[in-house]
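Each of the two complexes below includes chain A, the first together with chain B, the second together with chain C.
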Partner chain A sequence: MYVAVKGGERAIDNAHALLAEKRRGDTSVAELSVAQIREQLSLAVNRVMAEGSLFDPDLAALAIKQAQGDLIEAIFLIRAYRTTLPRFGSSRPIDTGQMSCVRRVSATFKDAPGGQVLGPTFDYTHRLLDFKLMADGEVPEAETAPPRTEPTPHIMDFLNTEGLIEEEEAHDEIPPDLTRAPLELPADRPLRLQSLTRGDEGFILGMAYSTQRGYARNHAFVGELRIGTVPVEMEIPELGFAIEIGEIEVSECETVNQFKGSKTEPPQFTRGYGLIFGQSERKAISMALVDRALRWKELGEDDVGAPAQNEEFVLYHADNIQATGFLEHIKLPHYVDFQAELELVRKMRAEAQTGLQEAAE
Partner chain B sequence: MNDTARKNDRKTWMSLLAKAPSDRLAALWSEAGYAPEHSFLRAPEQGAVMVQGRTGATGAPFNLGEMTVTRCAAKLADGTVGHGYVQGRDKAKAVTAALIDALMQTDRASEVRAAILTPLACEAQRAAEVKAAKAAATKVEFFTLVRGED
Partner chain C sequence: MTDYNFAYLDEQTKRMIRRAILKGLAVPGYQVPFASREMPMPYGWGTGGVQVSAAVMTPEDRFKVIDQGSDDTTNAVSIRRFFERTAGVAVTEETREATVIQTRHRIPETPLEAGQILVYQVPIPEPLRFLEPSEVETRKMHSLEEYGLMHVKLYEDISQHGAIATAYAYPVMVQDRYVMDPSPIPKFDNPKLHSPAIQLFGAGREQRIYAVPPFTKVVSLDFEDFPFEASKADGACALCGVDNSYLDEVIMDDAGNRMFVCSDTDFCTTRRAQGHVGAEGVPS
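Here is the complex of A and B:
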């Protein structure tokens, strides 16, 4: 138990001043601007937006600068900031079918209509350090080709028309929101997806990997992975119609998973789904695998006791701000608490000592 | 112009203003030199909007996370009311968007369109084309090789 302590004000102020100096580092090296972080460390910015649950690249870059590059600390800053904002409302669900894709690949269909577009990817790089970047390297302009004008429909739609994949039924129920009401179990799929999309990338990746290694294996194929921008539409009450209030970048992953069929369903493929703010495909794929594993009950599958099937285990441990808050608090003063433990151990030892002496006599 | 067309037109310009880069909108606004007298029905205010996605892209809505939005409502001297809802936290941008929305409902609409909306729309179009062209250069054709397994 944590008991409040008093005092130490000057030491705390000095510690924060020291932190500020450490953050700045060697003053003979130019200072980083927030714009530089936003533009040149964009994948870190994306992670902070996704797990901080707030799409605002400038704020995420500022948080990274303030947190000295500690991304979980940066996410903490964003989470704290977003609680100060009044909420104007909810958007209409974004239509990822209308995405302007910069990347779109399928591991299941070679000749997907709309084509396979690699976009800015680390795939097929050799993972060798590029020492040119240490020098002041000029970047050559990227090549261009005539823009594709054909629509890029979701690849899953093709399986859907044949009835080979489970139907995803559209409806417009108001989804639960774990930022407004505590996460309660059992959680329905919309609540699980909200928890996964803001969950820690490392944790979700580890959970997803465990399913690949055999803990509730679900044989996932990446049916489609797409990254790009979508407009966000919101109904404006004072106007009586919807307008686009902005545009966001998202990563989306749809997996195709084996399913033997059940008493009520014929053999068909099933789906896992991942949708993340920004360019974050590792997280999007991980999210889709974990989403699929958590769906065992609604698909009538067996509970094989795997961690990734355990909704309580996954959802209650996915949030890195909750986790780090509880974990890091144990370093704060616990003097009173520990004093009580100390007394108890001393008393027990004394009793044990007397017991031994009595037995020996 | 009937009601639906007018509504769609307004929806288009409001959407364009919401997504416009702050610095470009500010530059075009000051170049055009408009300074209409106005009062605020709603002073510029920063806030958040919860963005929704759908399970499996087409299923039930779920909450993806919030985005920052700034809004404002302004009334011109002649009583015309304009609304600004813009992405991000720039209050000046929200005010400019509200004033443009108001002016677009007056008889100055065509000059405002020519001075501000058309250039913004062209620039947005060009930026989207450049992005699409760069992505198109990375379009790939995969060939499946026959494995010699004998």
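Here is the complex of A and C:
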């Protein structure tokens, strides 16, 4: 005797309780604090802030804790929280030329005013497991140098004195907000950059990599990669001037790309641009490469049909919260649709069978 | 929950969604882009429907949620609870009692009435999507009323399979203008799209809202010599005995024995309460 499937409510409650228990793990092991995550898993925190589009290291750390370290789930928590916040204005554009850099490297010039600053990077570490970390994580204090007091100019500006690089005109237009207006195509560059900076790191990396392997190759040099903090200023209408409301850490990558010229543009170097919350240089470089690939139309290049050139393809599939939600929804019940398919297949098979029999007779 | 506004969304967002709904009602079947918000449940799990429900809901409403026709499937429970928590509205499982019904994959068997709102969760709002992947192209096709591709697809189905091989999300023509995806309801439900109730469709991830106002002409696409057929599994519900409701097939044992029961649980329960008993049912 079939009993109607009941019990969804109780199953959900019990599943949530079990999830909470799993999150905590073995209770004889000390619990992680949000501060520990914020301080010791800072690159994970940065990724959650970047793709969550919310600069708040404490909330990002909390989200990572709650999500058991599943970063896409943590990003989702941050996004769902962010969407409830009122948007009461926009900041003035940050000036990365005023950045106080912890890292700044150029692959195009051996040296430049401001110097090369390696900063905290994995680049030249040997990827050998440090078993000592299993016992204790004490580290000797690192050497420090007095910070530069004068601004560090962008390296691209030096190239530009010769007019070798395409000019980017400054303008005061307020960029569109992807989180407040539906995505409409064709998208302009500010909208594309916005989508890329909050896009999935793995997806953007894969797209960027595909351009390097020949799918819309645009040979990129890292003109400059810089990481550091910049002040954020906001115009307060009541005051009539801008005040500093805080400081954020960002990674910025400017690429210089080979360009032989096109029907509309003279031979020159072109640019790709990446800007990400926190220290996230893999993403910043990837973003710059994909940005450059997406600019084929405005530079008069050919559409070679590469995925990274297709803005609809890139922008519609870069968001991991959209992607993971839709992907995982297929585990929800679909038995009504499946039943409909089942009937159809049975009917078509029956008809095919009759047809075969008739043919045989 | 005092930290959030009534029905979770802030009033500015609701206003934006209501505008999209009104536009949708004014142009039946047209997909209106809207600034879909990030909801506290995943995309693909009904965020479009939830946003539409939140935008039309009032404190006096009685809310019903079904998934696959049932009020007790886990995601239906989850969405119903969400509104109990954030809006404090009354909830019901009875189709007749409900003023707002959010659904995934079904239209209730009990005919809807004027004054009721049926909100559909929509995964892919674009009926032409699997014929043409580009949104830029499909929007152009809608604006030019260029639906040849769809008719060719249906024709090819017939020439290859002898029938139109679409069992759910069967495309419809709305008020002689827009081809519309009715969401993945079985084609059995298509005739119910002509209804006295307001029907709203929300696709959160795809950022689209569309609507079918009461008594709008909705025609399932077909050919004169291959007319549309609202098919279902042959047989009657084993519990309530009805033979004209959409049936789920349930596997009973290791030997593969199966039975058919109503997919619409409220419809089935109501019938059994009225004394109808199916082949394997027991009097309630």
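We take it that the second predicted complex is superposed on the first by the 349 of 361 C-alpha atoms of A that agree within 3 Å, B and C clash if a C-alpha of one lies under 4 Å from a C-alpha of the other, contacts with A are read in each partner's own complex, and residues count from 1 in each chain.
Going forward, a contact is a pair of C-beta atoms (placed from the backbone, for glycine too) under 8 Å apart; a residue touches a chain by one contact, two chains touch by 3 or more.
Being a predicted model, the structure only gives us computed values, none of them experimental.
**Q** Chain A superposed: clash or fit between chain B and chain C?
**A** Fit.
**Q** Does the superposition put A:Q40 against chain B (first), chain C (second), both, or neither?
**A** After superposition on chain A, A:Q40 lies in contact with neither partner.
**Q** Going by the contact rule set out at the top, does A:L239 touch chain B (first), chain C (second), both, or neither?
**A** In the superposition, A:L239 touches chain B alone.
**Q** Touch check for A:Y316: first (chain B), second (chain C), both, or neither?
**A** In the superposition, A:Y316 contacts chain C only.
**Q** With the two complexes superposed on chain A, say which partner A:Q194 touches: chain B (first), chain C (second), both, or neither.
**A** first
**Q** Contact-wise, after the overlay, does A:A11 reach chain B, chain C, both or neither (first, second, both, neither)?
**A** In the superposition, A:A11 touches chain C alone.
**Q** Given the overlay on chain A, how many degrees, to the nearest 10, lie between chain B and chain C at the CA centre of chain A?
**A** Between chain B and chain C, as viewed from chain A: 110 degrees.
**Q** In the overlay, answer first, second, both or neither for which of chain B and chain C A:R82 touches.
**A** A:R82: touches chain B and chain C.
**Q** Which partner does A:A145 contact after superposing on A: first (chain B), second (chain C), both, neither?
**A** first
**Q** Using the touch criterion from the header, give the chain among chain B and chain C with more contacted residues in chain A.
**A** Counting contacted residues of chain A, the larger count belongs to B.
**Q** Applying the touch criterion given at the start, work out whether A:Q353 contacts chain B, chain C, both or neither, answering first, second, both or neither.
**A** So A:Q353 meets neither chain B nor chain C here.
**Q** Which partner does A:Q98 reach: the first (chain B), the second (chain C), both, or neither?
**A** After superposing on A, A:Q98 lies clear of both chain B and chain C.
**Q** What is the minimum C-alpha distance, in Å, between chain B and chain C after the two complexes are superposed on chain A?
**A** Nearest C-alpha atoms of the two chains are 11 Å apart.
**Q** Identify the overlap between the chain B-contacting and the chain C-contacting residues of chain A.
**A** Looking at chain A, the two contact sets intersect at 82, 86, 179.
**Q** Using the touch definition up top, name the residues of chain C that touch chain A in the complex.
**A** Per the stated touch rule, the residues are 4, 8, 10, 33-40, 42-45, 47, 67-70, 72-78, 81, 104-106, 123, 134-136, 161-163, 165, 167-169, 184-188, 205, 207, 231-233, 238-239, 246-250, 252, 259, 261, 263, 265, 268, 280, 282.
**Q** Which part of chain B faces chain A closely enough to touch in the complex?
**A** 7, 10-11, 14-15, 18-19, 45-69, 71, 73, 83, 85-89, 128-142, 144
**Q** Considering the complex alone, what residue numbers of chain A touch chain C?
**A** So the residues of chain A in touch with chain C come to 1-2, 4-9, 11-12, 76, 79-80, 82-84, 86, 179-186, 312, 316, 321-322, 324-329, 332-337, 339-344, 347-348, 351.
**Q** Please output the residues of chain A touching chain B within their complex, sorted ascending.
**A** 49-50, 53-56, 58-59, 82, 85-94, 96-97, 100-103, 110, 115-119, 142-148, 154, 156, 168-179, 189-191, 193-194, 197-198, 231-232, 234, 236, 238-239, 241-248, 250, 252, 254, 271, 273, 275, 277
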